[in-house]
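Below is one structure. I have some questions about it.
We just call them A, B, C, D, E and F in the order they show up, numbering each chain from 1.
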Amino acid sequence: MRPLTTELLRGPLAYDGTQIGPLWAYRALGLQGDSLIAFVGRCAIPRRHMIDQEDVRRRARIASPRMLHFIAEHFDAPPDLEKAVLRQRVFAALVLDELRARSDSEIRREGDDLFTPREEKLSISVAAATPVSTKFHFGINVVRATGVGVKTAGLRDLGVQPKPFAEAMLEAYRREIEGVLDARTRARGAL
Amino acid sequence: MRPLTTELLRGPLAYDGTQIGPLWAYRALGLQGDSLIAFVGRCAIPRRHMIDQEDVRRRARIASPRMLHFIAEHFDAPPDLEKAVLRQRVFAALVLDELRARSDSEIRREGDDLFTPREEKLSISVAAATPVSTKFHFGINVVRATGVGVKTAGLRDLGVQPKPFAEAMLEAYRREIEGVLDARTRARGAL
Amino acid sequence: MRPLTTELLRGPLAYDGTQIGPLWAYRALGLQGDSLIAFVGRCAIPRRHMIDQEDVRRRARIASPRMLHFIAEHFDAPPDLEKAVLRQRVFAALVLDELRARSDSEIRREGDDLFTPREEKLSISVAAATPVSTKFHFGINVVRATGVGVKTAGLRDLGVQPKPFAEAMLEAYRREIEGVLDARTRARGAL
Amino acid sequence: MRPLTTELLRGPLAYDGTQIGPLWAYRALGLQGDSLIAFVGRCAIPRRHMIDQEDVRRRARIASPRMLHFIAEHFDAPPDLEKAVLRQRVFAALVLDELRARSDSEIRREGDDLFTPREEKLSISVAAATPVSTKFHFGINVVRATGVGVKTAGLRDLGVQPKPFAEAMLEAYRREIEGVLDARTRARGAL
Amino acid sequence: MRPLTTELLRGPLAYDGTQIGPLWAYRALGLQGDSLIAFVGRCAIPRRHMIDQEDVRRRARIASPRMLHFIAEHFDAPPDLEKAVLRQRVFAALVLDELRARSDSEIRREGDDLFTPREEKLSISVAAATPVSTKFHFGINVVRATGVGVKTAGLRDLGVQPKPFAEAMLEAYRREIEGVLDARTRARGAL
Amino acid sequence: MRPLTTELLRGPLAYDGTQIGPLWAYRALGLQGDSLIAFVGRCAIPRRHMIDQEDVRRRARIASPRMLHFIAEHFDAPPDLEKAVLRQRVFAALVLDELRARSDSEIRREGDDLFTPREEKLSISVAAATPVSTKFHFGINVVRATGVGVKTAGLRDLGVQPKPFAEAMLEAYRREIEGVLDARTRARGAL
């Protein structure tokens, strides 16, 4: 129906918050339409690019030496932030599933956050509306981040290889989104 | 913000497909607004109440001697079926989490379906748009259903008690929906 | 991106107004998702299936011995009748183009109606919202219809073969809809 | 259901047009979600912060030495400016009611403007859409404003104390919005 | 911009709940597009036509020997029940204004209800979404209704003539809706 | 219903991409509400004003010594880019019709582009969403443009006078938009 374009970028790319902007995948990569793009790279988000105003309010430092990043964009008509957040939650649940399948660690999801059993934070995430689409960023530490105000852990601590994990996530989300489209084109109204 | 009304009905109630209709919680139970209602009872959906047209097309028999049912209703403005499906997927992911926490069995989620490792189907689900709201039904077998064309399993097979499980799910979904509302009232637009 | 399913039905099928209902292509033909279906057959719409209330008000007789019918369905989220009407107009413009390319006659479009230079009506059309989608029906006389209160003409009068014309229309609309999706996934907001 | 956060700020705060921006209540005050915030302070809106383009076109000076300000924000999904304007009109009607109850003066409402019987303007207001919410500002002169091109009056002329009046308005709007939510979760569709 | 069609019907017409249905003004009166129609007549709403499920739940009897009725319909795209309720509240506020101008009685509005100082109910109202539009009904007793479970009063008790009052309301609502359209076509976004 | 304001500007006006911004017709010309404005003038769009990111990506030079420009704005609630693109396609189809009526040349439309039989490009166009409206620009060369990477032609090559053509287009689009509003206020839902 409306297949999702997915791609794991070969080289490293630093996430600086500009990738949450509208049409990033098209402008930077030439990938058009609904998409989920994965890449590995540093994370450092300057204040002016922070979307979550709680981060701005508490003067958070959002940074990590190496993360596996996912950027999703959906061209809803009209764009609706609530859909972006719901898709972000579905994505977080898929990450949880995939980590559980690849690690003995009892990871836990709370909203869009993932924690190890020792309450170490594995991930950061934000959902956003643009004038033409809805998006989310989901970043998972590859190695631990320090100096960010909370204990963290990374894929390396879980013994999970970033690239095969990323490939599995691209496929899992593609199937989930196809499933959502499938479900909403089979149901009659309840009157 | 917009708290979700949750309730586990004391007595048994049979699910016959009318509960997916608009305002059922209000009309039948006096519970108004966004809600998630749980109850235990038989399941038998006559053709004319089936929402999923795939079920109608393949002349499915949707029935179970005892199920734990969940009915969610959200008064979106305007109603949008895609949101209903996304919320249904988030709910299914929460069910998966809760079952894993209460059972040794390696349950698997695929879209809105849950399976045991032996490929026994644990649940049925549908999302629907009404003229004033969006809804989903999620039913989990308490005991196995037979004569429905697929192998099934139930909470009893997993050693999971329906009522405490239901209470945990009501709480988990309430927190998830609060989290979604929290997220979408903290994020600025990405321009 | 979101390809449109298109199909020209082999056998004849009478249009009686039920095909404008939600999910007809899926229920009757197993074709799921956004679609444009073409078929040739009689047209007779009983009052209770008329969508356009002007037809009901003026007690119109909507009938034709043989028409080439097109049924489009788009699963907008949320459904929006204005989009259905706009797509119907685009479709009517494509029909006009295709007829001009295949006939010497100076066909004229006025809204969703097509007329020959002698003011004979070639087509009927209606756009509708369903609880889960938006749809339109576009029917073009193959032979003249009589007793419908207006002068009519048909493809036969224009020397146009219905089936190749139908195939060309399916392809033209598929490209148009792809073009619309392409355009709305390339444009940034104007702030 | 979705209670409105209301608050009357203790100290004075000047309105300069930045408070109509998205998430102001959260960013500046830590008040999250749908809200109505009241405060007293000077009003002076530089051209670049004016929302109403009529003001910009006629080079209006929008200023007042002391006003009672109200800022409402609603996190509609999706945001819809028409809702913001409708809520603004309901709010203006509530202000009218409350002024009539507290003053002998025969105040008159015209759209979002309030006038005394001598055609003195009591208030200014604007509704706006942000990328994530809809908002309105409603400011009522406490003392007369001069040099703004029209005759004005203020609460002092009406013998109305700003703070108790503000408290009453916060409560009145909270009840109105609860009433709107109540109404739209009780009505079935009209088919 | 989008003028509202208004009309006061000459003869009497009984309100039985069917007038809240989609396109009533067009089907019954040939009046197309956004409209406000007024008429005087009996009111008796059988259960199956009740929109407000609270009325159904408490087995209300909704009836009055003579009422002044208003039916509004707006062709929102997409239809949104919240807009219907907001417009209904604005209308109720206009009725309050107009009654105060024509009567010495201190009428009070609470949501969509109007009461005399003796707590007699003057009016009934409901807002509804149809598949193609949003609507509201607002009925004001001309004479008192009895046997409806609450004390009532009517325009006659207030010394208000129905027809001139109706004409004034049609004009007041037309100006209000024009004002809403005017406001939302002058405001830039707040980014 | 919702008449479209149309106007052909007397004097020349250069299109530089700022006219696609929200409320341009109101801010620059005092023309409020849904509108289609035509003018003749140079075209040169600096990179920062380009809406279509394909143009930005391929570093397109968008320029023409003299074009007939059309700017449409529709105050949808909520704004929806897909509607803008659909309206743009309908407009392009009307341009095609009007050119065919005024020229012997066999013009061809492909999406929002018009070509002569020699594959010379006659026009440029883009659709955009603003925070409060949806818009499109449609520019047709009066004389050929050079140095833009493709072969071009203009109205002069077709023997078409810009001003009478512009007047005809304003009228044709006004009738089309009236027809769309007419169609969507006559159709009941298909349930």
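Please note the rule applied: a residue touches a chain if its C-beta (ideal position, glycine included) is under 8 Å from a C-beta of that chain, and two chains touch if they have at least 3 such contacts.
Given the structure is predicted, the values throughout are model-derived calculations rather than measurements.
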Chains in simultaneous contact with subunit A and subunit C: B, F
Rigid-body rotation angle, subunit F and subunit C, from Cα fit (steps of 5°): 180
Greatest separation from subunit E - chain, by CA centre: A
Most distant chain from subunit D by Cα centroid: C
Fraction-based call for subunit E against subunit B, same above half, different below: different
Intercentroid distance (Cα basis), subunit F paired with subunit E, Å: 41
Where subunit B and subunit F are represented by their mean Cα positions, the distance between them in whole Å: 48
In subunit B, residues with contacts to at least two other chains: 22-23, 26, 53, 76-78, 80-83, 129-132, 182, 184, 186-189, 191
Listing of all chain pairs that touch each other, if any do: A-B, A-C, A-D, A-F, B-C, B-D, B-E, C-E, C-F, D-E, D-F, E-F
Subunit F-facing residues of subunit A, complex: 23, 26-27, 30, 77-78, 131-132, 189, 191
In the complex, subunit A residues that touch subunit B: 20-22, 51-54, 76, 80-90, 93-94, 96-97, 109-112, 126-131, 135, 176, 179-180, 182-184, 186-191
Subunit B residues within the subunit C interface of the complex: 53, 56-57, 78-83, 129-131, 191
Touch list for subunit F against partner subunit E, complex: 1-3, 22-23, 26, 32-34, 75-77, 130-132, 181-182, 184-189, 191
